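For reference, the structure I am asking about is given below.
Letters A, B, C and D mark the chains as written, and numbering starts fresh at 1 in each.
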Amino acid sequence: MKHAVKPGEAAALIPDGAILLVGGFMAVGSPHRIIDALVARNARDLTIVANDTAMPGKGIGKLISAGAVKKVVASHIGLNPETQQKMISGEIEVELVPQGTLVERIRAGGVGLGGVLTATGLGTPVEDGKLTVEIDGKTFLLETPIKGDFALIAARQADYVGNLEYSLTAHNFNPIMALAGETVIAEPQTIVPVGVISPDAVKTPGVLVDHLLERAH
Amino acid sequence: MDAKEIIARRVAQEIEPEMLVNLGIGLPSMVANYLPKDVHVFFQAENGVIGLGARPPEGMEDPDLTDAGGGFVTAVPGAASIDSAMSFGLIRGGHLDMTVLGGLQVDARGYLANWMIPGKMVPGMGGAMDLVAGAKQVIVAMVHTAKGNHKILPECTLPLTAARRVSLIVTDMAVIEPTEAGLVLKERGPDCSVDDVIAATGANLIVHGDVPQMQIA
Amino acid sequence: MKHAVKPGEAAALIPDGAILLVGGFMAVGSPHRIIDALVARNARDLTIVANDTAMPGKGIGKLISAGAVKKVVASHIGLNPETQQKMISGEIEVELVPQGTLVERIRAGGVGLGGVLTATGLGTPVEDGKLTVEIDGKTFLLETPIKGDFALIAARQADYVGNLEYSLTAHNFNPIMALAGETVIAEPQTIVPVGVISPDAVKTPGVLVDHLLERAH
Amino acid sequence: MDAKEIIARRVAQEIEPEMLVNLGIGLPSMVANYLPKDVHVFFQAENGVIGLGARPPEGMEDPDLTDAGGGFVTAVPGAASIDSAMSFGLIRGGHLDMTVLGGLQVDARGYLANWMIPGKMVPGMGGAMDLVAGAKQVIVAMVHTAKGNHKILPECTLPLTAARRVSLIVTDMAVIEPTEAGLVLKERGPDCSVDDVIAATGANLIVHGDVPQMQIA
């Protein structure tokens, strides 16, 4: 049985300088209330690992605007001109990672792999500084795991022990990030009693979830 | 018929029944409009659905169901929600039959550059590198020249998306197949002569006999 | 839309000498009717990649008893004395792989990874002949992908386009093997019309499934 | 109280509320019987469920719900079905709080051998290597000697399960903690003197002051 935490309590758990895995794709399936609470508590020097930084005023974009972010690891920042400006001015360091490589690196961190070999990025700037390994005459890049101090994820529904279900394209990085956060905080839209979610419908087992955000009022 | 419609209509002819197809945002997404009614395919949106459908009816938009551009979409009957690991597992594992992507440059080797203009546009590669490295067929859909400048070049001057030869280049002026021997001109656009195409192309084109004109409705 | 095949038709698709990924854990969640049909058609020289070989007279054990198997790649053969006897007599070659490594190798094959790094097996006979890679002072074994000519999987329920749901502990290797078979044949307990399975309930998207076994009579 | 019950009762004391625990088949599975009623934990069966429960009522067995030994089980409220990739992702990714495994040998380094006797028993490692490499705590539950032969040795003569120091060894005669300095005798079994334990142990034991007797009901 988990205790439900308020957004402010969730934000208070997260210290300045923390590495955060944040679910969502262009602010769809992002933990919006936790993000708002991080902005409200004036968080600083965060490293954000996420698919993208959404756009100004939405999702992760709010953290960028608030000056809460020191570093971004993402596949795409193209729809957030603030992130691009802050990258150019040197305020934010940006590491661009192909989307499929990003999710495999996070998964590797979550399931205890030391790294994965991929063809994605070969012959491109993504290759710079990375080890290549040849297997049966084919060359692959060695990509290393990513873990977070926290994973902040959004879900459609949770039960009291933290089992999670996701909805349509709001799955995206959430189920994978739930594996790779030292502490996992989930923001479900609804919370239901144990037994309402069938074992077969569970996408993230509750044993991975440390804190559930209380339901929205 | 404008340049983009020519391209979209011609690309649509490459799609075969039962394929799994990923259309990039912008011009490539127009391809879906020109698919014959009797050709059933599943479109993948890499942010999380197989079975992407058209825009939803007014007032029925679901914030948890969007395409990779962040726009509201529907899901067709038989659709499947997928997380990012499954989505890119399909792309990188060779399960995606075709991807249609825009291009900034393509070169004589058939290599594509479409994600970055150093010092000017650094949006990130999103899923483009995974798509080009992993899809069974990669079709580049782009206008033949940009403000009079060649986009098909001896060698890309912009950073590559992948060091992999794409399957086909479809422009408003030509259909070109990159091969081991070089770029083969397969079709010329409406009202284009072979000489027109050659003049508008920065790389050498291989021309075998008569080059037919695109057959588009 | 898939066509439902009879068990004999499924078995006829599979040539002698094929590499088969076969779902199941001690015969739970195994494609029993396909296995029976393979025995009936007197299949020979198969390579079976599976968690285990069940026990004589059950699941994969039937293929062992029938002399259909040349090689087994599994994590455990302890409950099938026939497999052990045939290994000792040299009739069957057995490659033992730690269970977690086995599933990651199959997944790597399915999602296009060139290999994965794992600590499992270090300092044990599993290490023999394998490349080790050191990352940040920690040593890992490099494990290579496994793919099959066919994946033979069992599911709780399919819809007409091949979307699959699984039940309780009958999931096991099935959803992963569905990614890694050149041809995927699924044996569902029931087949329902498109739309009966919600997109969020789909564990294996139908685009991965080539053939559905007709329902049991 | 027989040797196995002593061991199972003592191991049960190591389990703390809210843990995720994997019990090996045989003796380790007996541990569940001695857990205090008020200690809520989730048991994982690595074949595919978190929230493993007791045997089902007669006539209510589900062939799709078994434990790793193939026996019919139930699932507790709040259970989650997991496929093999998630199951071993949890084990290898450090999400499993404790595994309890049987042992053939443990040595002065705290290394375990429990999967193979060359030329005699080659069942395969199943999930044992993943469990020992990945679980947060590894408890070896075994009788102290086998037919008078030492099982705790200076160095394992059987192939190792992992080159990782286990957390605790619980036998009918002793509780032993492997440390950097060697094997520390923490408790002695019912009616055992320290000298009895030392005589029954092939490796050197570190004894600090008075060694208390196991407190088991």
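As a working rule, a contact is a pair of C-beta atoms (placed from the backbone, for glycine too) under 8 Å apart; a residue touches a chain by one contact, two chains touch by 3 or more.
Bear in mind the structure is a predicted one, so any value in this text is a computation, not a measurement.
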C-D or B-C, whichever has more C-beta pairs in contact: C-D
Averaged-CA centre spacing for the pair chain B and chain A, given as whole angstrom: 29
Averaged-CA centre spacing for the pair chain D and chain A, given as whole angstrom: 35
Residue list for chain D, restricted to those that touch at least two other chains: 49, 75, 81-82, 85, 88-89, 92, 134
Chain C residues counted as touching two or more neighbouring chains: 104, 107, 111-113, 118-119, 156, 166-168, 199-200
Pairs of chains satisfying the touch condition: A-B, A-C, A-D, B-C, C-D
Touching residues on chain A, where the partner in the complex is chain C: 104, 108, 111-119, 131, 133, 135, 138, 140, 142, 144, 156, 165-168, 199-201
Chain D contact footprint on chain A (complex, rising order): 1, 107, 109-113, 159-161, 163, 179-180, 194-195, 199-200, 202, 205-208
Residues of chain D touching chain A in the complex: 20, 40, 42, 49-51, 75, 77-82, 85-86, 88-90, 92-95, 134
Parts of chain D lying in touch with chain C, wherever the complex brings them together: 45-49, 62-70, 75, 81-85, 88-89, 91-92, 111, 116, 121-130, 133-134, 159-164
For the chain A and chain B complex, residues of the former touching the latter: 25-29, 51-52, 74-79, 84, 87, 96, 98-101, 103-104, 107, 118-126, 156, 166-176, 203
